[in-house]
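I am attaching a structure below and will ask some questions about it afterwards.
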Amino acid sequence: MSGNTLGHIFKLTTFGESHGKALGGILDGVPPGIVLDLSEIQKIVDRRKPGNSAYVTSRKEEDQVEFLSGLLDGTTTGTPLMFIVNNTDQRSKDYDNYKDVYRPGHGDMTYDHKYGIRDHRGGGRASARETVSRVIGGAVALQILKSLWQKDLFIRTCVVQLGKHKVPEHVLDSVDWGFVASNPLKCPCPNTLKIWQKEMDVLIDSGKSVGANVYMETTDLKIGLGAPVFDKLDADLAKAWMSINAVKSVCLGKTFDVASADQGFDEMQIKDGSFQFNSNRSGGTLAGISTGQPIVGLIGFKPTSSNLINRKTINSQGGNVEINISGRHDPCVALRAGPIVEAMTALTLLDHYLLHRAQCGDR
Amino acid sequence: MSGNTLGHIFKLTTFGESHGKALGGILDGVPPGIVLDLSEIQKIVDRRKPGNSAYVTSRKEEDQVEFLSGLLDGTTTGTPLMFIVNNTDQRSKDYDNYKDVYRPGHGDMTYDHKYGIRDHRGGGRASARETVSRVIGGAVALQILKSLWQKDLFIRTCVVQLGKHKVPEHVLDSVDWGFVASNPLKCPCPNTLKIWQKEMDVLIDSGKSVGANVYMETTDLKIGLGAPVFDKLDADLAKAWMSINAVKSVCLGKTFDVASADQGFDEMQIKDGSFQFNSNRSGGTLAGISTGQPIVGLIGFKPTSSNLINRKTINSQGGNVEINISGRHDPCVALRAGPIVEAMTALTLLDHYLLHRAQCGDR
Amino acid sequence: MSGNTLGHIFKLTTFGESHGKALGGILDGVPPGIVLDLSEIQKIVDRRKPGNSAYVTSRKEEDQVEFLSGLLDGTTTGTPLMFIVNNTDQRSKDYDNYKDVYRPGHGDMTYDHKYGIRDHRGGGRASARETVSRVIGGAVALQILKSLWQKDLFIRTCVVQLGKHKVPEHVLDSVDWGFVASNPLKCPCPNTLKIWQKEMDVLIDSGKSVGANVYMETTDLKIGLGAPVFDKLDADLAKAWMSINAVKSVCLGKTFDVASADQGFDEMQIKDGSFQFNSNRSGGTLAGISTGQPIVGLIGFKPTSSNLINRKTINSQGGNVEINISGRHDPCVALRAGPIVEAMTALTLLDHYLLHRAQCGDR
Amino acid sequence: MSGNTLGHIFKLTTFGESHGKALGGILDGVPPGIVLDLSEIQKIVDRRKPGNSAYVTSRKEEDQVEFLSGLLDGTTTGTPLMFIVNNTDQRSKDYDNYKDVYRPGHGDMTYDHKYGIRDHRGGGRASARETVSRVIGGAVALQILKSLWQKDLFIRTCVVQLGKHKVPEHVLDSVDWGFVASNPLKCPCPNTLKIWQKEMDVLIDSGKSVGANVYMETTDLKIGLGAPVFDKLDADLAKAWMSINAVKSVCLGKTFDVASADQGFDEMQIKDGSFQFNSNRSGGTLAGISTGQPIVGLIGFKPTSSNLINRKTINSQGGNVEINISGRHDPCVALRAGPIVEAMTALTLLDHYLLHRAQCGDR
């Protein structure tokens, strides 16, 4: 077990290196009889593609998804769903300079120590490229959730902090998702967007990079996904999100700073005959189980390690060297992370829906 | 699978309700031949006990740990290590008032919806009482890690934010662990401690509660624990920490706000013949694998849901009611959380050490 | 992971040594709302108890089952069901002679080599005593299956071969279960019973032991449990049965000798408006999935290793010695194995029922 | 979880339908630094290929194995090893006749009931074609075992019973593996071979099929693989073997009939300074742990379900029909099963070796 499988009973197992022949994965535990919209899956994959705005790397990844098993005329058969994306633009030579150098902020050093061998071309499995398999798996999971569990389910993300600049709090009370989709920085606030655009222009000129916070929100979920001890829904979401490259902090709710919250609970009421919470401080889970409110969370990404700023490091022979990293890289990796966060959320929700159905039946 | 097992190959499975006959667990995958210091384990368990300072609930839990299998004259045999703690002070009647009322901030409502049945006495499995099993499991894990892997291993915690009041940043450069141990608020800073003590006095008088951030730090770890994709060491730590009651936010490193960090990497150097990092922004992992630096993290606890402030809620018949929660409760649950965070860390590290040994051998 | 958990999502984790303080286990993934008949569970446990006939060991095991969690007024709550059986008649001194001697046919030698330490009193975890936890877990599983899935479910066993003497084939066409229950050798055939009784008398006098085949049969099962590749229902049954002490051979169907069968299939027909198979060569599964016919199987037990016949062996210092084993032992361990085989079958069926419900819903 | 993964920590997950675009799998938990001999793997795969003797189906499967990840210049990197075999000779039209007919002895009926949908072309996942992925996975496992654990390891199989005709017992005392490899019926005995050849000629003329027993034998194994309760080495082998298509019975040792054995143990002795067992009735395990002797076992295959004999069955509309199965099929599926049995054995041994290394270290 070297950790390439996610999920308890809806399982995504992925394979493939950044600069190998192909990447992809196997989904096991797929419910049968689900009609998949494959073009919709391709569209979601295209959203994470580099090269679709001025602010992200121009590496051309075609990312054509092909399903090799588990479907009969586009319908799931209950057998493993295998998908593959061939690597067409490998340019491994870009990485020849780093064959013996440990890039700071990357896994080069830890890889070499752990495994005694390292595929130096683009970070191997630790490359952001690996996330294409997550996005495909998540896109499948979302369609299954909509089909079996909750038709109106949406899982959406936007960027709410870029470097030191935050979106005003009230914007998250009611996000304009159309606006988010319309701008390359996935910002939900027109005023903040202008500030960020200036910052990005400076960054790109200077060769620097910047961190960001991604906000995730679902529609109202049905009550009952999760469990009260180790496999809390929030604990599994935390793992799923934290496993994304460059993520360093995660929370349930709209702020990392729960320590200074005035209260730790949400009042409940029957109003006009229907049940409601008066707030959503919990972020949508209580005792590890979904409350029926939206799941909301924040995911913090560090500044991209690879940028043009010189830095000290060592090589594998133990010598001191200084490098900068001139390859194709994003100044802010979080800008492409929305579909990945959404995918990890969908995979976790479906896994917990199936666990719930196993233990408690179809209610 | 209702999620009562933690770990990939070193597995802790726990059982027991807050007000049932007993709590405990089974550790499976225990390496043989480890001499356990059982009195040391009891000491660690006593640290999480309520009633050991003015600031925590006065519930008397004896928490006498008994091992029923897996040991021969105090040495592990490789068979399952089963431990049990009998509940001696159950006082279930305290909870009769809440039999039909959903306490806000607790899992009462979600439990009832998910399972259709609920043990209303003290939250069942969702009680903080359940964490006694984690602490015991973690104490065993720590001794195994010290015996097999890293003799000088320490895993320590302190409180670095209480409500809105933070400890100054520089204090974490070199924590005075003796001072932390000496004060009931587990504060690493004498000046901050005074402020917190005033705040706690006010809180206790007013019946309110407060959130807090717990800081976790290990000694320098050996390089190589973890894996680069889903089961990243940081991802598994995030899950383990987020699964603790009342935790809402977690991060690797000393700040949740990685988004505004200047850099996303740590320089490496050979200095005076030995390898070093020039900083520890990563929190001790790269590509999901331990770097050799200390693992450091922050864990954010919400204010205790149970306090004396009136709040609106509903009962299971769907009527609106108003309650406060007058039982034995802590104004700040994080004050007792240190041993739990340390335990979850130890369990995760040992699991990854054994996974590493399986895949890569004993180097 | 040292293999003390059975099941994919309905999980039984057991603990306890033959001569330790207690044995027991945790069931996780228990569906909520099931009313358990605890006295029925105790009755099933009593069936495997030694000392209930002339032909089995007179060791007095009280085997009083106690449930410590997971129940509210006898109804499952969905939380882990923990049960324990205290060891009251340990008599560990019986085993002092074997402290340094490797008993042939037992795990003493392999234990010492694998773990470097061994609890010599009664075989530790490798004792038949460990199966009490399996029987309890299986008794719970059976009640859940009857409650959720198939009301009329029966899982029954009898002995069909003792040493070289087989029950005539036609007897299995329609087993007289009342007769089986009425005789201490669990024989379904009055004529064969007489032969076996003579054989047993000779065996007991001579201090020898004998092997046996146990036959297992369920009622007609609903179609659809299992999966077509690795986790075939028959594969998981094979594992569950083979994991019972002293079992060396298992098969689906009424004969081990499928190689010489005339055909490898069962014809299907609609007759008088209802579907039927014309035979049950398959033993109740096709492509790893239950066919709707009874699951039937044979489980082969070797002669009890412990008997009064002298044998050559070595001690842990590497010297040659000769021993016989004079403790309390059964001449034919299979005579007490029925409830264990039934339990392993029930655990496997429930696990697969819940897996089926997860993937395919409640149909 | 629909059961397409085998193994506790060395995990093979397979995908692909008999008549889809491709079959293959992902191996996770692969130790790094192992130089794989890919042409040797291809050779083993070729051994299971149909069309390599007069007695097996003439379906032309090229079965060209391609590895798409996890290797750097032929050396394992510790990342997932993904392999794929494209289907080049699909001829799905052969199966159009069976679209609505449930073939007796096949999973057609159970599939339709369980999943509500079925890929009728060649049995989908329940096809013997799926075993190509097992053979590849096992060939990799074998090389890893030889490299890390036991250089001289061999896992070999022969056919010891064809229909009613058994090889004489004494032949298994010392199998002539060269002779086995030289004949298409994998028979270890020249005299028996002649009888079998006549039988096969008659079978082929008559369109009938026949069952067989496969015998499996390893070299002397190191002591210590396995565990004493559920995950016994023999229990996991039983599952692995029983999960092979058409297998109905399995045993450890050289006979299914352990019930009539004279003794249930093997004497041990020090002779000329070295340790030995005086027999191997146990089949190489005690208390679920390898004894150091060869693991030996028997695997019983039913007669191939598909043959030219007419049989009664129903169609999916519930009508009675009569069919025979005229496609490309083997009269005795066991003749091609040797490499599959060897593969399942190698996968299980490696998994247990890594589990042992995790728990007990490298001794």
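The chains carry the letters A, B, C and D, assigned in the order they are written, with residues numbered from 1 in each.
Here, a contact is a pair of C-beta atoms (placed from the backbone, for glycine too) under 8 Å apart; a residue touches a chain by one contact, two chains touch by 3 or more.
Here the structure is a predicted model, which means the values were calculated and not measured.
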item	value
Reaching subunit D from subunit B through chains that touch each other, fewest steps	1
Separation of mean Cα positions, subunit D and subunit C [Å, integer]	26
Between subunit C and subunit A, distance of the C-alpha-averaged centres to the nearest whole Å	46
Inter-chain centre distance, subunit B versus subunit C - centres from mean C-alpha coordinates, in Å	40
Residues of subunit D whose C-beta touches two or more other chains	1-5, 8-9, 14, 29-30, 32, 78-79, 114-116, 124-125, 228, 355, 358-360
Chain-level touch network, classified as line, ring, star, complete or other	complete
Complex interface listing, subunit A residues touching subunit B	1-6, 8-9, 14, 102-107, 109-111, 113-116, 123-126, 130, 161-164, 209, 211-213, 223-224, 226-232, 234-243, 246, 248-253, 255-270, 275, 278, 281-283, 285-292, 298, 300-305, 309, 311-314, 318-320, 334, 355-356, 358-360, 363
Touching residues (chain side subunit A, partner subunit D) in the complex	1-5, 8-11, 13-17, 20-26, 28-30, 32-33, 68-70, 72, 75-82, 84, 114-119, 124-125
Subunit A-facing residues of subunit C, complex	8-9, 29-32, 78-79, 148, 228, 354-355, 357-362
